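Order of writing sets the chain letters: A, B, C and D. Residues in each chain are counted from 1.
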């Protein structure tokens, strides 16, 4: 048609080959959303499990995602270096993944917060960053988990001061200003007899979703669809002749499941046990 | 922290100043979704109204969107040329808008398809294209509405042949191969006594959402929040000190509503009546 | 070959369609170059003519450049909006044009500074900026010519103070600090009896190179190659099957020459006389 | 000024951190230039030495370039992974380096082709490609040197057939069509008694410029400026407070020279002897 020329104004946006891709989504105005829906402070187990569920949905849909890490209202997804998903088109990847995460969050809300009606449609932003070397991936996830620790220690003491220590939020901020980590631990212990390290790992470490290969015999017992995800027809692949389908042809034997862990990913142990994460 | 350097790998992605921005979202694998949820063929009024509702939500949230056009599983949003939304950051705009559209689609599904449970979380892709001149915006929306007409005429005859003419889908495709528009009209009229032009405008013209200024006296009657959108706290603005908030400070007097129309936007009339759309 | 895959790491870099392109080059460390080669202060007619010659070479080579403006060690080139030079590839355009300008500068040095041997190879940077609307092109060239005026007025008084007024450069800067334009004119007039407006237009207005259509009968007299450029085989076209050759197929009749002017390009007159500059 | 806003249309173009940068320049229309200036076929030692001289000039000016490889009318420059030259701004780097190469080519022409006046200003294009891993750098330079071998073997037999074998260029192309490498070697040997491997290494291997650290005692003898480059004030640094000067502060002790070699860079030996090339 005589109007079709407008399609030529679309600019190509392929991401550089040979780089790891990290896609991070973050809830829009979740401070307000958490207030409006009375999220438990500082951590609402239901809300964090809902975030994990949405992230699991994303990992089930996109096989090239080998690891995900979530805390608070954010989730980071690591794509293997040689992914050819959507020909590595930046806009197509970030919108489709952010949209699926959002959809799953709203779709599964009532499963995790059955007694709290969702008052309005929440939304998330998404961005993708290219990292050339494995070291930068190690440091990226260390950056996020260190952030989890610092925020959670601060928030735990803050809300203890407010909810149990009768301080106003302003006073609590003042009490905490300039304190070092050990002082915070001291405060929790002496004033609220809380041993920080015995708090749930989920709050201290955040959520790690990792695609683990399942040993053949164990695979037999497992249903093909990884547990935890809504039995979604999407799991059987899209049938849409994409240049590179979301499901690269699975090798016959290998079976994978997505494991949820609340463990340290700053040290070497986690990564040394899973060399494939930073391999190709 | 020693890991913070990874943040510097994020590349700036501002969109060129002085260009109109058109953001188009499109449902992922909606052929499958429409089959799985028995959408009426070729057009499912409920599903199309749900698309309009999600688009209206987006327009209520982002005041710089002055026009939207939707058909099938896609919606296009026109941002005014001088928008400074998120400092015109490409990733931030396309993910947040696509995410909000998706969220509203899932959030409002049951309102429009009460007797059809949503079987899995749907998702959408999003992209943004810069257009330097008003003429290209006229031709962009003409391109989309012309596409609506051609697809709808084809689909209307196709499903008439299949559902009323007892043709298989393969036969129907064969019957239609190479036919010109007039032959299709002829077929509809002679074999199925359907007068194409009397079919609902929504199916023939698609949906146009346009922000119209409301005359002062009429404004008095209207609730501040544009009707049709979930009474969303987000309407009262975000309270987040964005470089440019999603709600540029509204001039005191002017009140706007978002009107849903099913009219021609290829000819000059629609645009001549609304010069502000292509102005600044 | 097994190594060819490295070619795929080259990212596409097309410039948005429908935008005017302005390419600006600027001499690297010309403060040092002008000192090392004893350029007359503040303006060295020979050096400025050499800049014009290099710019003319560029305009002879690239027919899609319709206007150029030069001052000091910089030159700006305006490409017509619909150019398809090198498929509008950003890197290919800026390097080839900057390289040709540099080459011509060195190649023609001795023609303009015969008694001053070029001591080392000079270099230039180049950049290209997209402008969606004609107004921005008017303001771009006004920005550059206003810059010429302000710098030249300052430099003229500065060097008068230093060379005729026996002030040190530090004193001269102090004398000029905070002075307004009229004070500078006053100083020139009263202390050095220089009437700024009677100084050569080239110094006050900079250099304007514009492609003017030559009336048919006048065309007959003119040699095909525009005067001023080295009789360069390149004028006869490249013979290189580029997707869009540097010389779009010339219409038979129209003949163009590149005129050098030292006139105002901030006001409307220059542009109103040449509507084609901002047309297509 | 009221026009300054146009500066904001310049888009940022930083190259991704942590990637090796390879900048390749290539002569524009050098087929024509070589004909017009009667370059010896297939290789003109003078012209190739001029290319090396220009490349050496570039390496003297930019300390972050650790390796360069040239053949025919092209040169590739490898920047160390952690360079912060011009804040890794893509346009600034490619134009300035391509411009300096061009300038040096024209500036030094007469030194290498004293009896052949340069007829017009030549130009070069430039581009920069990001490579995330050392392996890709090995393969990039292997790609270029393999290209040198294949072209030079073909050109050597081709011009032998034409200049000594009385074949027309068309016949020579026909003779060579479909021949494998060994047949070409056979032809050279039997019909022209040329032993390909005894031809000058420069023609077979191209030119390698590598920055080698000079042992302290040897350093004492050497003039600070690397020999071969015009004694250019530029060697003493720019004195321009760039965010990152072209001359990162040299560690007191280490002295470097730029060595010209015509050796294999496809095998491991060259690289194993110089681990710093692919290190940080």
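Going forward, a residue touches a chain if its C-beta (ideal position, glycine included) is under 8 Å from a C-beta of that chain, and two chains touch if they have at least 3 such contacts.
The shown structure was predicted, so the numbers you read here are calculated from the model rather than taken from an experiment.
**Q** Check C-D against A-D and say which one is joined by more contacting C-beta pairs.
**A** C-D
**Q** Go ahead and align chain A to its copy chain B using Cα positions, then give the rotation in degrees, nearest 5.
**A** So the copies are related by a turn of 180 degrees.
**Q** What is the distance in Å between the mean C-alpha positions of chain C and chain D?
**A** Here the centre of chain D sits 30 Å away from the centre of chain C.
**Q** Measure off the straight-line distance from the CA centroid of chain A to the CA centroid of chain D, and report it in whole Å.
**A** Between these chains, centre-to-centre, one finds 46 Å.
**Q** List, in ascending order, every residue of chain A touching at least 2 other chains.
**A** 9, 11, 16-18, 130-131, 136 - these are the residues of chain A that touch more than one other chain.
**Q** Please name which positions on chain B make contact with chain C in the complex.
**A** For chain B paired with chain C, touching residues are 16-19, 130-133, 136.
**Q** So in the complex, which bits of chain D are touching chain C?
**A** Residue list for chain D touching chain C: 1-7, 9-11, 25, 28-29, 32, 36, 57, 90-92, 94-96, 98-108, 118-131, 136, 139-140, 142-143, 146-147, 230, 232-234, 238-240.
**Q** Please name which positions on chain B make contact with chain D in the complex.
**A** Listed in rising order, the residues are 8-9, 11-12, 14, 16-18.
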